[in-house]
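Sharing a structure below in structure tokens format, with a few things to ask.
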Amino acid sequence: MLRFLVKRTLSAVLTLFAVSVLTFLMFFALPRDPVSGMCPRNCNPERLERVRQELGLSDPLVVQYGGYMRGVVAGRELGAAQGGHCDAPCLGWSYVNNEAVTDTLVRVLPVTLSIVVPAAVLWLLLGMGLGLVSALRRGTWVDRVAIGFSLTGASLQLYFVGAVLLLIFVYTLGWLPVPGYTSLLDDPVRWAGGLVLAWLSLALLCSANYARLFRAQLLETLGEDFVRTARAKGLPRSAVYGRHALRAAISPVITVAGLDVGAALGGTVITETTFGIHGLGRTAVDAVRAGDLPTIMATVLAAAVFVVLANMLVDLLYAAVDPRVRLG
Amino acid sequence: MSLSPAAGPVPAAIGSGGTAGPPRDRRGAGHSPGRLAWLRLRADRTALASGAALVLFLLVALAAPLIELTYGIGPRDQFQDRLDGFGLPLGRAGGVSGEHFFGLEPRLGRDIFIRLVYGLRTSLFVALAAAVLTSVIGVVLGTLAGYLGGWLDAVVTWITDLTLALPFLVVALVLPPMLTLRFYGQRDTVPAAFGVGVLIVIFAVFGWTGTARLIRGQVIALREREFVAAARASGAGPWHMLFRELLPNLRAPILVSFSLTVPQFVTGEAALSFIGVGLTEETPSFGRMIYQSLEYLQTDPAFVLFPGVVIFALVLAVNLFGDALRDALDPKSAG
Amino acid sequence: MTDGPADEAGPLLRVRGLTKHFPVRGGPVRAVDGLDFEVRAGETLGLVGESGCGKSTTGRLLVRLLEPTGGSIEFAGHDLTHAGRRHLRPLRGQLQIIFQDPYASLNPRHPVGRIIAMPLRVNRIDPPGGTRARVRELMERVGLNPEHHNRYPHEFSGGQRQRVGIARALATEPRLVVADEPVSALDVSIQAQVVNLLRRLHRDLGLALVLISHDLAVVRHLCQRVAVMYLGRIVEIGDRDDIYHRPQHPYTRALLAAVPHVGQFGPAGRLRLTGEAPTPLDPPSGCRFRTRCPRARERCAVEEPALVRRDGGGQATACHFPGPDPLPAEPVRAMA
Amino acid sequence: MRQRAAVAVGGAFVLVSALSACSANTGGEPQVDTGRQATGVIATDPRDSAGPAPEVAGARRGGTFTILRETPISHLDPQRTYSFAGLMTVPLIARTLTTWKDDGEGNLRLVGDLAETPGRDVDDDCKVWEFRVRDGVRFEDGRPVTAREIGYGIARSFDPDLAGGPTYLQEWLVDTPQYDTAWDFQANRTSLPPGLTTPDDRTLRFEFARPRCDLPFAVSLPTTAPLPSDRDTGVDLGNAPFSSGPYKVTRYRAGVEIVMERNEHWDATTDPVRHQYPDRFVWSFGPTPDAAANRVIADNGADQSALSWDYVPASLIARVAGDAGLRARTILSPTPSANHLVINNARVTDLRVRQALNHAIDREGLVKVLGGRHVAVPMTTLMPPATIGHRTYDAYPAGPDGDPDKARELLGGQRPELVLGAADSSLEQQVATQLKGNLERAGFTITIRNIPDDAKLDEIKKSGNPWDLYLGSWAADWPSGASILPVLYDGRTIRAQGNSNHAYFNDPAINAEFDRILTLPPTEQSRQWAELDERIMEEHAPVVPLYVDVAYLVHGAKAGGIFVSSVFGSPALVDAHVKP
């Protein structure tokens, strides 16, 4: 177990390192001057050069990368125009947002978490519920409706559904408040009210995969010997499904869910754009558009951390749920 | 949901086929498992209907220039004189008429029908090409990792993890202008095909992980099967092992993951347009149309309706057919 | 050590000190730990033992699906022990294997004709009369309708599939076939047919056969010589009648006693195997059987018994206190 | 097997039928106020500059006024702000030497704000200016504003770390565009830049090497906002500005929200334009223009006293304009923001080609692409109609949808191949597509070349850029020809990059005219600029004038006092109030 953890962590660190290097290189491969995004509107060549010096952009890439990474680990000194000293983890200063990038992250991470975590719970519940119902009532109209519903959901586009839901429930009927983010700690009711549409649309669209996957897994495990044995032993139906089939069918769902949630935490750009909520994804896109390297690096790394963590967590959970899996 | 096509589901529910022991058919010549799947598929009305729809979509896409010729209107023709002062189409339901089947786009007054036909062509081409590339990369890497194992497996697995962790959006935003500048002068016409090609490459680079994971798992399972040992005991070389013994057994999962990636790429193209990357205005595409139409939900619902319904129908048809295909290939999961 | 009467051309298969350890965490699994035996041309050798004793691993080692950790395998005068694919190639056709699971051992995506022809194809052998004719002939020989060569495995019953597997093994006219539990996955009624088929093939084709089975009845029916394995080692080897009628090793006696119809040949009804075999990850010191042996003495825990021939015959036993007779003194349980 | 398809398709129809309410569009022409011109003058009578500002009819004190906007304001630091949102917001928290009295109808008057009058041209040569600081203006901590704090504000605008704001004063004082190297603020924090002096606490004196007749306009920009040097927090000032206006920032959450509440030390009697009606202003960032407009139209809860800052999106205009109930909640006004199809004169040197371009353009179609007359009004002049002294003319009359035959005739059989560089934003792509369509109709061959949206401005500002045509827009910092024509068409200013002369137009005779007019008193300049405008177009056709932006705003039923600034074309907040 320990060995597995160490190995997995090493590989994760290596992944993050590679992601950061690739992002760094990609940014400098852009066909535009990185300074122009950081320099305010009326920049003359001399001022551009000064900004370039201040940001160390004329240093070799390796030195720049090293400086950045040192800042993340130990903090570093930035110029006065960049807010001066920057404590670890120092992610740099964003000229575009006029704030330390760490502050940007602290601001947007709760937003994305607030969108994704409840939505994931919803879509898992909905998806597994649909899958369970259609597996139990296999071949009946219930099954058909459930699968039809989930396939329809999977074929819809979030921006489309979101726009329609907004128009109907917010602008026309006024049943729901305007989407937006309020901190859960400030006002839980407003928090939920502002995000409920995003949760619902995500759940509607994402549950389809889980419904189909869970149904297939259930049917497979229900056909397996041990379930038949359990039923033959006269165990009640609920016990058979609850204790045996469900547990066996759940591990592939965990895998997919883990990867999905990990990816979603990296930014649900479409959702955020549709509902006008600024989370990690929107911040990343805006940063790329504005050529704001420190913010790009931070958002990309944050997203990568989520994906990598989710991957690790999936492996661990998988081992916990399915004792056949050996961690080697 | 995340935009990355890599975040698609790992279709864990797919058997490697064949072991299921369908009812033994003693009559007539041998039915290969593939043929049996085909028979099951043919007996499935959903599959027939969605399959027919897909064929229709494909035909329309292929015949786009022919349709343009018959229809008499090109995808770039502007009919601004048929717009009102707000730039909205005159007439009923967004300007639907005998001349313009689906009406006109606001602003530029282009014909929606013919743009949908060409958009279908673009979207299907992007999705199919990207899905083929994805499958090839996924199958090659997955098979190598699964069959050869060892350090190669470790490397492929790590690259998979890395790809999942890479920022799809950032790459999708950064790569097209970078490549454009790399290959074209600042005054050169950038052909529409170039943008399409870049998009396909981006999709392929990020889309293969699901297929690779799936194939790797299947190959590892197959590797332990005795018929593989039998071939090895007979002295079969790697070529024979891969192409004669393993690949025929991977057809089902490859097909299924292909059917899962196609709709992802159709919607992926649209999603990229939605955040302002993707294809240019000159290339008719679903993504751009839908992105531009959404704003008109209140003022020109017909403009939203036509592209929206067509893309929904296309994706639904692919999903339905893929689902039926999966059932046909793996009868265990069938209802 | 073990031998039969010397053959002037030497034995077809000579195994010396064959060892296979699988590396896992917590040390190697000693699946096969120093086997010595020989198989002469046209001879049938049975390999029996409880599941997990290393029989199947031995079978896979013999056809080099696995690479031995130690010892040597010599086949028809060639050293196979660490031979690469290229060196093995000319020998592959002469050395074939039949698998236990008739479902898993046939590629579901190929028609049986192609499955049977596979060894010919990969070895680029063009039999006289052509591959098609050869396949028809093979199918007939194993009792299948040659018209069915276009059918797929899922269209056959288990017994028929096993016949396909056998036909495949015979395609290259091998001199030695390793049959790994060839009937254990089949219905009892089918088992007899397949056993008889193997027996007939052995007789008609003069094949050497290594039959791996936990089924003592099958082995007795098919094999001239029998080797009994316990925890990766051969504990007793000898001619069929010697083993079945005069078992010297307590384990052999216990095995025989456990099988009602076979047990009647054995003299000792009171020997019963209790408990599970110890893990090959950490085999007992000295004699590996001592933890379950009613005759175990202190010596058994300290000293490993060698496989020694008794009374100059073909039968060899690895036991400090062999024989059917009661032991002179009270059995003392060694430390577990 | 299963009837999934039927179920799914059924669901789809339920969904779409909700959208498809349809009735025939017969195309009633929208009624829009066409261009009107600003009557801006510099108030010579000190009474114009006296406070308090006249009460707004129906306004009352109290309430929270909310402003919805997609993107945050880039800087609240007065010395750094330059965006329209910033320029319109900063007056609430900072006062400047001069300011505009504006009724939103084009009646503009430049009055003294911190200064008692809009300045005094000491020697009548525009080289030496003096401003007398008003008595009784206080910072949010109660201390009085003196010439020293105003001077310090101007001085800190030289700090390269605090770049971003307008640079007129800096460049004029040291007479070079490289002002931050000419005078180093960080090394001279306790002194003032050369040319700027404070003879006493209530006098601020500017001395320039060259005539700067537009100075009264220039000091209306927030560069002249005062700041005590002990309150200078450098780059952090933008997150916590130090107020001299009627409101002060009480809550600042970057990118999310800004809350401003009353500054009790602000004295209405000293202020000629501002009011202090709402208890607080709340800026709420995030909602797209679409979402913001929909919210405000829905008019629920707090949105009732909200303003959607961004213009009504083109796609919603038909809905808003078609709703009689909304008329009282919308504001429609032309802006001084002028848009041109800029011709790269360094590449397209043939006058007849440039004239043909002018004839070929279909402005009516272009306006349709943009969303109609609530978004854009066609224009044929270089300067927008809102400029002081503007005169309408059409040098190349081609009718509302262009005259391709006339263009063809001018081309005389040649088929110029031109490359149109266009940002890859959705809208500009569509505009480019429309332009390509009507230029090709007239015999041009047009290649559209995409430029990444955010890089486009930088790229076309480079002299020697490779494109023949591109879309350019110019919103002047004050509505005088001096801040338009010489800035855009003086060929002597062309540098390697960072050019405002996107057309790369350079004609010695015209340059000489610029010099001549610039030395005239501002009141005399306006007519001459209008004449020069026409002359440039007739003789050189350096660009194709296209349209001016139209501001179309919608606000909640309780939001009052909003008008569109005649100077910047954005909502002005000085009269904003919450109706009961």
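As written, the chains take the letters A, B, C and D, and residue 1 is the first residue of each chain.
Operating definition for what follows: contacts are C-beta pairs under 8 Å (C-beta built on N, C-alpha and C of every residue); 3 or more make two chains touch, one makes a residue touch a chain.
Chain by chain, the UniProt names read as follows: A = ABC transporter permease; B = Peptide ABC transporter permease; C = Dipeptide/oligopeptide/nickel ABC transporter ATP-binding protein; D = ABC transporter.
No experiment lies behind these values; they were computed from the predicted model shown.
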Apart from chain B, which chains still form joined groups through touching: A, D | C
item	value
Innermost chain by mean C-alpha position	A
Whole-Å gap between the CA centroids of chain B and chain D	45
CA centroid of chain A to CA centroid of chain C, Å	55
Gap in Å, rounded to a whole number, between the CA centres of chain D and chain A	39
Length of the line joining the C-alpha centres of chain C and chain D, rounded to whole Å	92
Of all residues in chain D, the ones touching two or more other chains	2-5, 8, 12, 19, 452-453
In chain B, residues with contacts to at least two other chains	177, 180, 276, 291, 297-298, 308, 312, 316, 320, 323, 335
Chain A: positions in contact with at least two other chains	31-32, 143, 147, 151-152, 155, 164, 167, 273, 289
Those chain pairs that satisfy the touch definition	A-B, A-D, B-C, B-D
Of all residues in chain B, those that touch chain A in their complex	1-4, 6-7, 9-13, 158, 161-162, 164-167, 169-171, 173-175, 177-178, 180-182, 263, 267, 270-271, 274-276, 290-291, 294, 297-298, 308, 311-312, 315-316, 319-320, 323, 326, 332-333, 335
Sites on chain D touched by chain A in the complex	2-8, 11-12, 15, 18-19, 70, 72, 74-75, 80, 82, 160-164, 166-167, 177-178, 180-181, 186, 234-236, 238-239, 253-256, 284-288, 291, 294-295, 297-298, 300-301, 303, 452-455, 458, 495-498
Touch list for chain A against partner chain B, complex	11-12, 14-16, 18-19, 22-23, 26-27, 29-32, 138-139, 143, 147, 151-152, 154-160, 163-164, 167, 202, 205-206, 209, 212-213, 215-217, 219-220, 223, 252, 255-256, 259-260, 262-264, 266-271, 273, 281, 284-285, 288-289, 296, 299-300, 303-304, 307-308, 311
Interfacial residue positions of chain D with respect to chain B in the complex	1-5, 8-9, 12, 16, 19-30, 290, 313-319, 321, 362, 364-365, 367-374, 419, 421, 424-426, 429-430, 432-434, 437, 447-450, 452-453, 465-467
In the complex with chain C, residue positions of chain B that touch it	17-19, 21-22, 24-26, 29-34, 225-227, 229-237, 240, 244-245, 248-249, 251
